[in-house]
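Heads up, the next two complexes both have chain A, just with different partners, chain B and then chain C.
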Partner chain A sequence: MILILFFFLAPVVITAVMGFTNMDYRFQWDFIGLGNFYRMANDFLVPKILVNTVVYTFGTLAIFNVTFGLILALLTTSISERVGLFFRALWLLPRFTPPVVYAAIWLWILSPTKNGLLNGIRVAMGLKPIAWISEFPWGVIIVTNGIIGASMGMLIFTSAIKAIPRDYLWAARVDGASWFQEVRHIILPLIRWPLMFITAYQTLSLLTSYEYILLITQGGPFHASEVWSLYAYNKAFSAYAGTYEFGYAAALATVLVLIGTVASIAYWKIFRFREMMAAPRIEVS
Partner chain B sequence: MAKRGFTPGSLQRERRKQRLLRTSMYVFLVVSSLPIIVGYIWLFVGAFTGNLVYGFVPEEFTLKNWSFLWKPPSAAWPNIWRTFANTVFLAAGVTVIMVVVSTSAAYVVSRMYFPGRSMILASTLILHAFPAITLLIALYYILRALGLLDSLWGVILVRAGLMVPFGIWVMKGFFDDIPWDIEMSALIDGATRFQTFWKVMLPLVKPGIAAIAVFAFMAGWAEYIFLVTFVRDPNSWTLSSYINAIIGNYRFTNYGLLAAVSLFYMFPVLLFFLLTQKLLMKVTVGGIKGGR
Partner chain C sequence: MRKFLIGLLALGFAAGLVAAQEVKVITIKAWTVGPDDPSITRKLNLETAAERLNEMLEFVGANYRVKLEATFVTTSWSDYKRSNLLALQSGDPEKIADIIVTGHEDIGPYAEAGYIIPLDEYIAAFPEVYEDFFPALWEACKYKGKIWGIPQDTEARMFYYRKDLLKAAGYSEEFIESIPAKVVAGEFILDDIIALGQKLLDAGVVEEGMAIWHRPTPGTDWFQFIYAYGGELYDPDTGKLVVDKSATLALFKFIKKLVDLGLTPSAMSQISWPEIHTNFSGGKVGINLTGGSWNFAEWQHDPYNKSFDYLWENIGFAPIPAAEKGGKPVSVSHPLVHLITSTSRHKDLAFLIVTLASAVDLNTRHAIRSGHLAIRKSQLSYPPYYADVFARKVSELCAPFARFSPNHPKAPFYWEALFRDGIVPVEVGALSPEQALEHFVKRMQTELGDQVIIRE
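What follows is the complex of A and B.
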């Protein structure tokens, strides 16, 4: 418990308080009231980063974490069990690969020189190499994060699909339903809760994840792929800017927590999670 | 409109349609998995060849990429084996702390009643939702105050601390599944509470311990963000920092070295993964893995 208190509760409080100070590498508590928040409102980068965050979060969420996760779950449960298991394991692998190794693989695939995979193929076809990462920063961060993110939805949807009584599917098949009709009219309505849960949970995860962006694009070129959490990280720890603006970064992080909280409440209301909670799933008292 | 009914023709057509659907499923899966498949194959091929022609055709077999094993690629870098030992130390430290703390805490919340119990359970769930970035800045401050910056102990404590709520929830599930009667009979036979826990309960939750230990080890082994933020001293580098430095110094140039060190780093993960992937899938569904 002490450990938890120490590494969760204390940091949360310290971050919140630090947001009102002008702390830098000297670590002094100079309170400047709402100064950091005024600065944020006038920071010319903030609107751009806000747009980036929204595009990145919902783009990745819509294309990969939910849609692609669902497609993978549907396909791997429709083919033979052994092959399905193989593909699920394959998609799970990136999640357990150390982030630096995963980034290394992508840096090779997307390399701007002719030694990378995609440009190697272009050169072989007689075309000029393209600097993929600086040409398509959004595409790059969405695809690289999405491939990791899809596995979570895939696993949860898979177990939800497997929990559907087989009789329903057999009955549909006897009645002459095609695979698409089966999916549309039986599977999708029955896995409604997991779908909503993944949407909500992964929104929060994506809002706050920046590890892979930091490694692959570093937020560049010129902040084109910088999201809110990465911006806060760079303000505090960036090696090349060398600013160590802990106070401002803490204020940015606090705002991010607020955004996350608002998003959770919105999801709670929209998806009516209370109804799901009504089913006694977890014993708490 | 084709005539309905079970004529041989319609059955055949139906079967052909089924086969087409199935084939297209396989094709889709293979094509969409290509980036992953190709990427991991590259780790193996790239590590043992010089420059690849057109980026993907191997030319000759060579071991020169592996020279980092006895000679650091840059004079300022530490010996790879020291880095390796640091990585093992980090992963093992995280595993031990996380398993001990979450197993004992889970036993307490699962079996004993005390005021504030439900609050503790709820708070572990809420805290789980706090993003690492909000904690990172404050943790930097705390570690600095404790003098644990630039030391692996700081990273171990932070990583273990962040994983403990997850561990408590998983282990609580395992303890809840053990009937009270077993524990009662041990107590009636004169065992103390601690003996019951140690000799009766622990052996029964071994699968749970194995599961969270694997998780903690993999997380510690792969740790990146806390490491590059809190630890700058090359003597405390782990393999993550090592590869990070390779990416930083030889970005887009020395792919052979990058692949070789990555493969070296990945090897235990691959081994672990192949042995435990079924277990991992189950636990990932049951509790939710930290980070993402």
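What follows is the complex of A and C.
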């Protein structure tokens, strides 16, 4: 409880209070009432940022963090243990790579000149280079984040699949079930809780993550990949020289906390997490 | 100056002299920045200055010495300024440096916040040093009528062109060598840069999109084009920033032309610095539109490793040309300054170190090694500086046309927005120049409110 108070509630309260000030590089707590929230309502960039955030969060979640994570878990548990382990370790590599190095690799892959990996291949095939980040800003931030994000789902789903009693699968195979039927009728229903947990957890995680976007696209070009949390960061510590609008940035962050809280409650209700958390009705000893 | 300092020290600390038994060590902290590696002389000069001060203290028998603890940041300006600001707001002298080396644009915010002290009285105590500084540099150190910083260095911004590529495209050597003089005379204008790029492309000397490149990030460089198109950025009467709509639109149209003609890639803002430097210093790109004098030093070091002779033979430079014939060129300078923090417990000693670090020999060492310009008049006749052909040429070509970014706390936002909300959308084709202007003006008005004046 003390930890929650110290590491979660206190920062949220301080951020919320700061959101009612016009704090800047002077770090003065000058309260301006709802000024920042009024400004946010009239900030013509906010609708664009909001759309980017929704596309980024649910795009990454749907394509990579849940679906691709699940595919990886299913495939690597369907082959021999040693090979499966190898591939899982391979997919964990991006997560172990320092973010700056990971971003630098992507910047090389996506470079708009022929020196980039993808454009190098295109040029070798007689095609013209493509400005990947300009052409596909959403695609770039979804792929670059998703490749890291998928490994979290992969790990959780793998352990959930491995926890399924083998008897069920053997029985299904004896009855002539195909691999797809096993997945559809046995595995998926039995890993329902981890699936819902990852969906909820990763939604909240993606809502607040921006480091790879900052490093790879800086939210550009022309705010095309700028998400809510990055917008708040830029307001506080803008790229080159800093605008240091801590008050407005805190108000933006407060809205994000509210969105996260509402999303948590919604997931709790829709996915009936109370049932997952409930004590088992029978005791197994 | 040496005699003066000795006198000052002898007087100021005479009491300590008499009773001196043990030598006390006073730590002076300094934050310095490159981010380019060759500018490490910003740190080294302060260290040498501390050593010289200690020699003087020993000479007069003072019972203390200084120990300089200096950091040198090479990551990015953004990282440096962010960490400085977070430390400054703590108000803790243990965490805050006594001396900060930073861009002059920080003077406005830091002075407003009370993080630094005005230096007028300190400067007045050393007329033989500070009257030797170029007067224009003091303008960049002023805020609300006071001087808050000591110029550390200055540089010139210019456009670089590959002489070898222009020659290969068919230009005569005579014409190539005459470009700087024509720029200075107002005979070579901004559109002529486009003509050079076009010829490089048409002759097949460079590939499409590799004729004219520019920096991929915001920067004061972009202000040069506003000045070149006859605009202003600051209204001294009201102390407000100014957006000059016609000059800004002209800049956006210039950028669109570069992309439409296939001279500059639409994704220029996504090309990394190392790739830009590698391609230009390696002769793959014809013109570097937003170069700086420090680049010439950078290209001589890792990872570019070009010799001075190679660069001097193949690369030419001139200030940013005027937009119209007969106009004056422009070169925005971004002087770095030494600041003394208000939390410093040893402001006098910190200032003495800064004064000693501003010595002609030390500043010249910095200027030559890092591609910066002299800050003192006497440096121009100082043999090592005079012997450096690059420094001399830059001083001759660019210094007379130096302009500065306004010392307004929101000036950094201005250059951020000009790039990200104006130049980039035009370049990537998201907005037309007219739409970009409308968007940029709206953003400036939304963010700066009554701190910005919009002029037609």
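The criterion applied here is as follows: the second predicted complex is superposed on the first by the 267 of 285 C-alpha atoms of A that agree within 3 Å, B and C clash if a C-alpha of one lies under 4 Å from a C-alpha of the other, contacts with A are read in each partner's own complex, and residues count from 1 in each chain.
To be clear about the criterion, contacts are C-beta pairs under 8 Å (C-beta built on N, C-alpha and C of every residue); 3 or more make two chains touch, one makes a residue touch a chain.
This structure is a prediction, so every number in the text was calculated from the model and none was measured.
When the two complexes are overlaid on their common chain A, residue A:237 makes contact with chain B and with chain C alike. In the superposition on chain A, A:115 makes contact with both chain B and chain C.
When the two complexes are overlaid on their common chain A, residue A:250 makes contact with chain B while staying clear of chain C. Contact comparison for chain A: of chain B and chain C, B touches the greater number of residues. Legend: residue contacts after superposition of the two complexes on their common chain; A:107 is shown touching both chain B and chain C. In the superposition on chain A, A:164 contacts neither chain B nor chain C.
Of the two partner chains placed around the shared chain by superposition, chain B is the only one that A:201 touches, whereas chain C remains out of contact. In the overlay built on the shared chain, the residue A:179 is in contact with chain B alone; chain C does not reach it. Residue contacts after overlaying the shared chain place A:229 against chain B, while chain C stays out of touching range. Look at A:221: by the touch rule set out above, it reaches chain C but stays clear of chain B. Touching of chain A by both chain B and chain C, each in its own complex, is seen for residues 27, 107, 111-113, 115, 237. Interface of chain A with chain B (complex): residues 1, 3-4, 6-15, 18, 27, 68, 71-72, 75-76, 78-79, 83, 87-101, 103-109, 111-121, 123-124, 143, 147-149, 152, 155-156, 159, 179, 201-202, 204-205, 207-211, 214-215, 229, 232-233, 236-237, 246, 249-250, 253-254, 256-257, 260, 264, 283-285. Against chain A, in their complex, chain C makes its touches with residues 77-78, 81-82, 85, 89, 103, 105, 109-110, 112-114, 217-219, 265-267, 269-272, 275, 279, 409-413, 415-416, 420-421, 424-425, 427-431, 442-443, 446-447. Those residues of chain B that touch chain A in the shared complex are 21-22, 25-26, 28-29, 32-33, 35-40, 42-43, 46, 51-56, 97, 101, 105, 117-118, 120-122, 124, 127, 129-142, 144, 157-158, 160-162, 164-165, 176, 218, 221-222, 224-225, 229, 239-240, 243-244, 247, 251-253, 255, 258-259, 262, 265-266, 269, 273, 277, 280-281, 284-285, 288-289, 291-292.
Residues 25-27, 42-45, 107, 110-113, 115, 131, 133-134, 217, 220-224, 237-244 of chain A touch chain C in their complex.
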